[in-house]
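One structure is given here, and the rest of the page talks about it.
When the chains are written out, they are named A, B, C, D and E in that same order, and each has its own residue count from 1.
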């Protein structure tokens, strides 16, 4: 058994349930791996942990990881789980926002300082809007849902795996406009590793990715069982919320023109680089190939294909 | 200050102390009776001295007259009104000087002007006069901790007198002064008293000083303090600075000394050499 | 304490003060010369008193002898060694008592045991004896702010004496005491001195006290302090408690008083009534 | 809450032992000054000590009332009833996490106490030490800890050490400053005493400087102690899988606002406990401040 | 940094004006005590005042050296050169945001000063006020502000008010506690003085209590002042589109670590300025502490 620690992007829940499934279903064990899954505290933190050599193998938002890679951090993305960012604009049904165009003249709450907010101009551009068309209100992430419910804002820049679920839990009916569907699909949460690790343990890495993707595949097919695994590995988890999260992210696995679960196509990467360098989230002129490698993915035959 | 003035009509207020007792820590576990049923009547413009053993309650009595300490029993009237709060037309020389360490000597005196709202110019002029009289002009702008013990006491004296109060309460005001300064200040005090005739309550350890200065001397018993004798001093005013061996004077002093001796026996007297020749 | 002991061989250390000057705020903008070229030799076991006008530099001199204040010029030797740090085989009575407000009277005295590491039992016994002698037994466990001025001074005195030091430096140790207690304590001090013969430097404002207690009296000029006279007192020991009118005694006292008078003219003397009859 | 330890005098009577000039003092007349009976005094004292808990109860009542009256939705502010039942329901889980946080607080705060007070002395005593040491310490204080905490964790790891260290960093400065000013208010003439007894530096520190500075140092300790709880929470925010900060973060990130408030209640409780302990230490260590004055 | 204002004595000489027992004091002998010339003194004073900037320079040098020596990659810790040139490059932007943050700091801190000091007096004076007011204030202090800040903003809006209020909340307690202990160290007998002069409460406050408490209060002001900068940043973290906190958050969320450090440098600079101002006020307001002792 090879001992491994795997650093998550965030606290355990539905959004990273596939890894708990791999643990619970024994996929890692079968692959000769003894994996400890650690909870994280934001993609930024996790990315820096790998960059500084404190962690070798981790799970975080591809954009964040790419930013550090572009600055010279020796690491690479090896498998992409979310093919698109989970960002979306959410509005209460009763406010009658039927399309992004209806946002004109409205108040929109955005999480202050986050990279989501930085991507908002792309969404506007793709939908023929301008920032000046509406009032943007910066607010703390935790205030967004209450503000929408209270009517202090008409819409929020939210995400499928967090705010939407919280809104639904409060019994709110919402209209949602996903970045993925409205012209801004960018590569999102991915498994990545330090180059040293990749070089020294190519075989371990291969086995890990294969087992993890199997876990995700299992999660897609058996959400209820998966949540039980999550609860077993991380007893603090709230099962109801986790189940809702898992359900919410399901559409992301095959968005962005993906052919296989766990693999972002080169074209998708190129588009992402083009989009994000426009808003300076990624440096201009960077070769997208420098961010990732698909060399450690299982052979196509062993990967779960996306149904078209 | 040139010629010694003749006695004037009193300007001060009379003080009536009626069966006043003081118990410290009254509601606590160790109540301590410091003063027991003290009754004294001080006429307006009278100069009265209090002598008594250390710890007998002299300072306590003075603070109660000033309305600064609550009495446990009895009543105190100043100018006919019961004292229920600190009286203010008063100059107090506290035993510990109580100079504000964050003010210079001069500014300590000028506190009167700041708080009472007295015209600054006038207080300043009087203060400078007193500083000169007490030979402190050179130390006017020093902070208390840069002064010697006696200098601090003199600054405190100036603060007591600068606003010409009609009642003077003085707790050993000359204790830290050298013999000569002491005589000088004593004379200055008598002159001032003769001029303005404030009511004076004067606490001292020097029996000579008490007799030399006052109309009446109160002798207190050791703790708990009671008034055991009131001695009227019938010497003419103004009095000579050094009364020394004047026989009437010595008689008064001896009488008080005898009181003291009756109250506390000196130990170690068994050695014959100890008795004066 | 029963019979008065006869003079013993001195146990104290001699003190040599050589051309010592003190300037406060020496490097600052307002340097102040407080003491000017003072030279005194104190023999081992001698009892020496210092008198002088308030602010002339007596306390400053004492602190420099104790090694607590840096001198500006000159040299001080205690027991033959130049003072470069605080001397420790010493009992000091400070003018301001310097009681620690966070310790009871008794614990203030016991500080010696805590710091010097003296056997606690022994110091405790001696302390209790002194508390009794100074009539403070009832106040032993009070905090300083619960004591009267005189009581605080007596506690400070006990602390000065409790460890039987071979050098005693006392800055107006009886200033806040009443006449009787003063006599008592003075007698106790002489007895102690005769028993153990420490070297004593005694600062006082009472010329009578100085003459009554000491082998030699130093008279200092007003600020900046200089020694203007050294007077050897040749009275036999032990001395009577009240020397009062003994002619040799009066002669000494008068001589010192004349010094004082020469140094500072009493003002307000123009009124003829002011002169003693 | 904890302040009743320091207050054995009667209510209404202030600790000055005398009164401010413009105050009417009705109970001043001798007639009104009969000493009260022992039982009456005991009753008064009990009532007096009940004041802080009553204040606390009043706050909770107000909270409940506000939620009812303005029908505040539960996602904004749950009522005290809901929060307390959540505390009870999750008690074992909260207990486990509390222990972790409490350990961090105690270790961090303890480290602060044993380092800040001596350093405060050093800086108070030596201008040279002040000129050299004070600037870098101030720099450390000025940098917002929450901003650098992530970097900090990346450099130092996710163990308990990093949380303890962050707690020290956040609590150090208030205590240091209080210590400096506490040691500086010493009447320097009192040093004459210890010096002429040949006291070592340590003895002077123990018998003179510390007791004289205690009242002020304790104000610093109280400030630091209350900050310590927040500091540990913040440290756990940035990276932890254990501790109340982690639970809090989980609560806010899943909009489980009842959990959030349950954690806040537990935290407050811990804070009150710590404060109680500090006030008790102060009471026990400064007997002279208790001696009645009037 | 700012401490040079309070230190006009020579280096090496501590402010006690006398010396600790076990210290050898070579310059003690009369021979070595010749007063120095005026120019020599001036030179010494200048050298003395250069110490803090030199310490600062040393820290920056150490930082640069560490980055070089251990070849720390720029995405973990950029060198001072890179950071300073970023500060220069973004100067206009940083300046604008600094003004916003500075306003918040000054307003919030100002509000704290004018409320905490009187309240400290009230609590120091009246045990009753303490029993009633202290518990809720302590509760407020115990709740981690960062945890409740978001709720807080939902209730109170997103304007500058909420930032100022948060700053007040975070800086209030340290100053309050320092004020309480500052007012309590007053020798209560000094009140006899003002009372017998018929002083109003305000006069007693102004002429006696405040000056006597100033040295301790200033330690609280310094603590609060340094916290104020952090507080404003934290307030901006939770919701703002202006201010250094916002820029900082943008820097960390876009992994622009140079920007993050540039903001930290600006913040430190602001903090030093504030500290300077506070130390100067203390120096100016407590002339008696300057008077030389020895």
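As a convention for this text, contacts are C-beta pairs under 8 Å (C-beta built on N, C-alpha and C of every residue); 3 or more make two chains touch, one makes a residue touch a chain.
The model shown is predicted, which means the values in this text are computed figures rather than measured ones.
**Q** When all chain pairs are ranked by how many C-beta pairs they have in contact, which pair ranks first?
**A** After counting contacts between each pair of chains, the winner is D-E.
**Q** Taking all residue numbers used at the subunit B/subunit C interface, answer same if over half belong to both copies and different if under half do.
**A** same
**Q** Rotation angle, subunit D onto subunit E: superpose the C-alpha atoms of these two copies and give the value as a multiple of 5 degrees.
**A** 180
**Q** Can you check how far apart subunit B and subunit D are, centre to centre, with Cα atoms defining each centre and the answer in Å?
**A** Inter-chain centre distance comes to 47 Å.
**Q** Using CA atom averages as chain centres, what separation in Å is found between subunit A and subunit B?
**A** Using C-alpha averages as centres, the distance is 87 Å.
**Q** Subunit B to subunit C: how many Å between their CA centres?
**A** The separation of the two C-alpha centroids amounts to 25 Å.
**Q** Let me have the rounded angstrom distance from the C-alpha centre of subunit A over to the C-alpha centre of subunit D, please.
**A** The separation of the two C-alpha centroids amounts to 42 Å.
**Q** Please list all residues of subunit E that touch 2 or more other chains.
**A** 18-19, 21, 76, 150-151, 154, 189, 192, 194-195, 198-199, 237, 248, 252, 293
**Q** Which residue numbers or ranges of subunit A touch two or more of the other chains?
**A** In subunit A, residues 44, 48, 52, 142, 146, 150 touch at least two other chains, as defined above.
**Q** Among all residues of subunit C, which ones touch two or more of the remaining chains?
**A** Within subunit C, the residues that touch at least two other chains are 24, 68, 86, 88, 96, 145-146.
**Q** Quick one: in the complex, what on subunit C touches subunit D?
**A** 63, 66-68, 86-88, 90, 92, 94, 96, 98, 100-104, 111-112, 114-116, 142-143, 145-146
**Q** Under the definition above, what is the set of subunit D residues touching subunit C in their complex?
**A** Answer in residue numbers: 189-190, 192-199, 203, 207-208, 211-212, 214, 286, 288, 291, 293.
**Q** Note which residues of subunit A are touching subunit E in the complex, please.
**A** Residues 44, 47-48, 51-52, 64, 67-68, 71-73, 112-115, 118, 136-143, 146-147, 150, 152, 280-281.
**Q** Going by the contact rule at the top, pick out the subunit D residues touching subunit A in the complex.
**A** Where subunit D meets subunit A, its residues are 73, 75-76, 93, 150-151, 153-155, 157-158, 237-241, 246-247, 249-250, 252-256.
**Q** Touching residues of subunit C toward subunit B in the complex: what are they?
**A** 1-4, 24, 51-55, 58-60, 95-96, 133, 135, 139, 146-151, 153-154, 171-172, 175-184, 187-188, 191, 205-207, 238-246, 257, 260-261, 263-264, 266-271, 273-277
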